[in-house]
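In the two assemblies presented below, subunit A is common to both, partnered first by subunit B and then by subunit C.
After this line comes the complex of A and B, so read on.
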């Protein structure tokens, strides 16, 4: 089919970046070893076997089902992995991703996942080996800046707080720290349990780089509605007005 | 024409919170991680907990068990300024357990019932041949104000309640009939002409007509021991006994049943409806309280009618404390998080600033309150502007964003400002509600985040219920309430909806939103909570300056 999904309106860098996140066509900025990703996730020790909640599907004698014939199981589902999660907190100070766009990325690009979206955190759940792959993809890609984004299973407080003086997002549990070499290190897993070694996550983006890659509209970056006294609506606002109006009118059904 | 308001009202509060020398625009700061010791109230808690340890024989409050040994206070623990007042209190002081004014506000609702007098008088006159005159009514009211707190009439050798424990109990009457009102002893009368501005008094009296009603407030201690469902039973028993005494009736004859029916059912206005079985609560519990009734309970409209924003925001404050902190936060759920959500709507002058900005903008555009067309386009223009302004303030003032650190707080405040502006400008609550939902969608679009999961449901599909005629989907906002479908689970909404209900009528300068009986009943000077200045009263509670009713210390050993 020649159809190319358009995903999102707008010609600003925010609109373009939002489309990129949704399409999954993201730039890879770093390569964090799988074992390190697994350690920060904290669900199993790197190298340990996966826990399972049921036998491999092949051994289960599944019923004759047309849907099962159409949809191939993910690796984690086929193996019977338990469902685990990774949860991210993205600073409102120009972190590359924002919760809904992590969810849209997941829902569009990650098979068998369950995204959940809040204001200060965004969670994706999936079979364990699948979520590990999805988490690594997030860590490695331009969706993530290691100073402005961090994995936080609990005590997520920080997305809306001023940054630390060194540009790191505030974290009550101090799960990451800025090293003297300018690299960011993970020192605790996502629920705050200390790691047995520091994990080098690499260098953070510069402020300019973060602003270039961000998906958040802000008045000190790319504004969505112009400024007070000089309003100029992004195409996203026009599209949204349209949807809101149709939803409102649809509800009016006097029959 | 409305007075223009100074912009950035929240800056004063931010200075009070963070210290006047901090950089208002700075996006970075040093987090000193000073722990709970940085905060006076936390220090007080820790010291008190230490005293209790020996007494209790087991551990209790200890902030160092928090998060594996990392206590609260890794960021600055800042106080809160009650909006529109000079009160600055700690966050802890706004948890309803620590705030007796908030408790009393709710107690005042659930201990109240409005009972008609006319049907009882008809029974007395037509069924029993008794004469009812202003003198007999005054005599009845004197006996009733003896009996209602829990004292005996008619019967011998009865137990009674200590007057010092029930001194907040009172019954006053009101009527739209000036001639009758003139005959009632002042101490037993809610004088509409005295309590309300002239235009409001005329509107209220016209709505009430020649009918007469009793505003009954049973003792606070009774509803604290039982619940709101008790109020009608308690009051009905004392009403019947008083009629028997005042009119020398036979205690056992069938006519008493007619009186009892009148007092319990026929001409009775509960403050809130019973809830269905899955949320099983009797009447006079918060889940059945409609937004319009709450709007009428708050009395700011009779003391500050020219300032519809102030009127609406006092309703928001009452609703945030009652629906969010007490109903959802404790009846329906538990814990302490609900306070944090709710305070955003009534502290630090943030919602005030956003609303005044919006209403000034609307007045410039449409020429005054309630002058804008009652159209979707009005909500579209105003909500888009107000929401954009509010988001820009959070972006331009990082400590403002930090103050409303949760998306649910910001969503509620932005949407409330959009809804209140649209309602005041149009004089129509449904236009206000449309503005609320548009704000939610715009907010989510701009920042890619909104509130917690519930906002996905309630706010993103919400526009469809604004104009729905189907009773399980739509209703005038005034008639919706805490148990309305979709509204029954989400903090940060119900108080604001009540505020939007109020805003439409405040913009129109109406005397009441839904029910004139409620409006007059809560003007009773015998109320313990100050219903005309909700936020200041919360401040008094937080500052430990407020004395609530229902205290038991009179009959207990001193601490």
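After this line comes the complex of A and C, so read on.
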């Protein structure tokens, strides 16, 4: 029997969504052209060459190493690309992905990446052509709602702020805007430099849809303990307590 | 038992559940102004920089945050924050119900309104550094201690004493 990892405990919708994010088995909601993703990332002009830090591995003559023989390099590593980043800010108002879940998704599903989680933002670093593919995967999948999540390389403020009146996450640099047709447009790259054209990111999720797809536990949404008033807490809390106990006792050996 | 005076001024805070667009902010402020009885008012919210403050795009203009002119009570001024909270002092209790009704008329979203003490009454060192000796205590607590003095907009017809020429 093949083993399928469970990744995250619990039977609440948030628990199920967290499992989905970690397993990488995500629904694709939109298809943003690769050139547009590259433009929003802002590291290179779409169609331009990748800058590199070393020659392609094939030309370098690698040392005889069993690990290098076992592990195939990613496309970016094989070509010697520079390491680049994409950084996301997800609103705590029921954004589909919260910072830790982007990191779990990256660490489990993306080869050769370095995810980092901060209080209100999440960054993934990888070789340039790899990070472009990973960013596109994040943009296209249900991890991202174009109104509640946005790519922000700097001035990331927005995760814990109230939403704007039109349902967009607050952005000091106004990198995305709600069009009159109801679509969200990216007008600047992730560091706030204006793009030469508006990029249509599609329609945002409705409030109900965002609540359905979110991975954040909230008392006004799905609380971590499961159903309010239930006699038994959700398994997620049991597992959390278990981990907390083991972490607290770790290394403690009363003789 | 302490009985509160019903003739003194009261301080009120209005917190909408979302940040307001400039048009809604203008509507709300005009409704509040129309209700009357305002001694002073403060608009609070995240800063809207005119250009990218740091990072690789530093200095790039943010056109969306420029010329956010709103007109309140016949006077125009420029918004430099996203309106997320309004604090004001009313002349007396009798304007409070009207203020609530004004918010209900102007805001398309839910909001909280509460009474309390939101402006400080004694001059701080920062106030002294900014204004010198403050004669008119109405200006105390109107702007963030770190903000520059130009964030203070005086729309009153009466002469408000802000003496900074001596410094």
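Simple rule for what comes next: the second predicted complex is superposed on the first by the 241 of 255 C-alpha atoms of A that agree within 3 Å, B and C clash if a C-alpha of one lies under 4 Å from a C-alpha of the other, contacts with A are read in each partner's own complex, and residues count from 1 in each chain.
Just so we're on the same page, a contact is a pair of C-beta atoms (placed from the backbone, for glycine too) under 8 Å apart; a residue touches a chain by one contact, two chains touch by 3 or more.
Keep in mind that what you see is a predicted model, and the values were worked out from it rather than measured.
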Partners on subunit A (subunit B, subunit C) - clash or fit: clash
Touch count on subunit A, higher of subunit B and subunit C: B
Partner chain(s) touched by A:173 [first = subunit B, second = subunit C, both, neither]: both
Subunit B versus subunit C as contact partner of A:153, first or second or both or neither: second
Subunit B versus subunit C as contact partner of A:192, first or second or both or neither: both
First, second, both or neither for A:39, with subunit B first and subunit C second: neither
Which superposed partner A:137 touches (first subunit B, second subunit C, both, neither): neither
Contacts of A:161 with subunit B and subunit C, given as first, second, both or neither: both
Intersection of the subunit A residues that touch subunit B with those that touch subunit C: 154-155, 157, 161-165, 170, 172-174, 192-193
Residue ranges of subunit C touching subunit A (in the complex, touch as defined): 16-21, 24, 46-49, 52-57, 60, 62, 64-65, 82, 84, 108-109
Contacting residues of subunit A [partner subunit B, same complex]: 92-93, 97-101, 116-120, 154-155, 157, 159-165, 167, 170, 172-174, 192-193, 215-220, 223-228, 231, 233, 236-237, 240-241, 243-245, 247-254
Residues of subunit B touching subunit A in the complex: 26-31, 67-68, 70, 74-75, 376, 380, 384-385, 388-389, 391-392, 395-396, 398-399, 401-402, 404-408, 410-411, 434, 437-438, 441-442, 444-453, 456, 461, 463-470, 473-474
In the complex with subunit C, residue positions of subunit A that touch it: 42, 153-155, 157, 161-166, 170, 172-174, 177, 188-189, 191-194
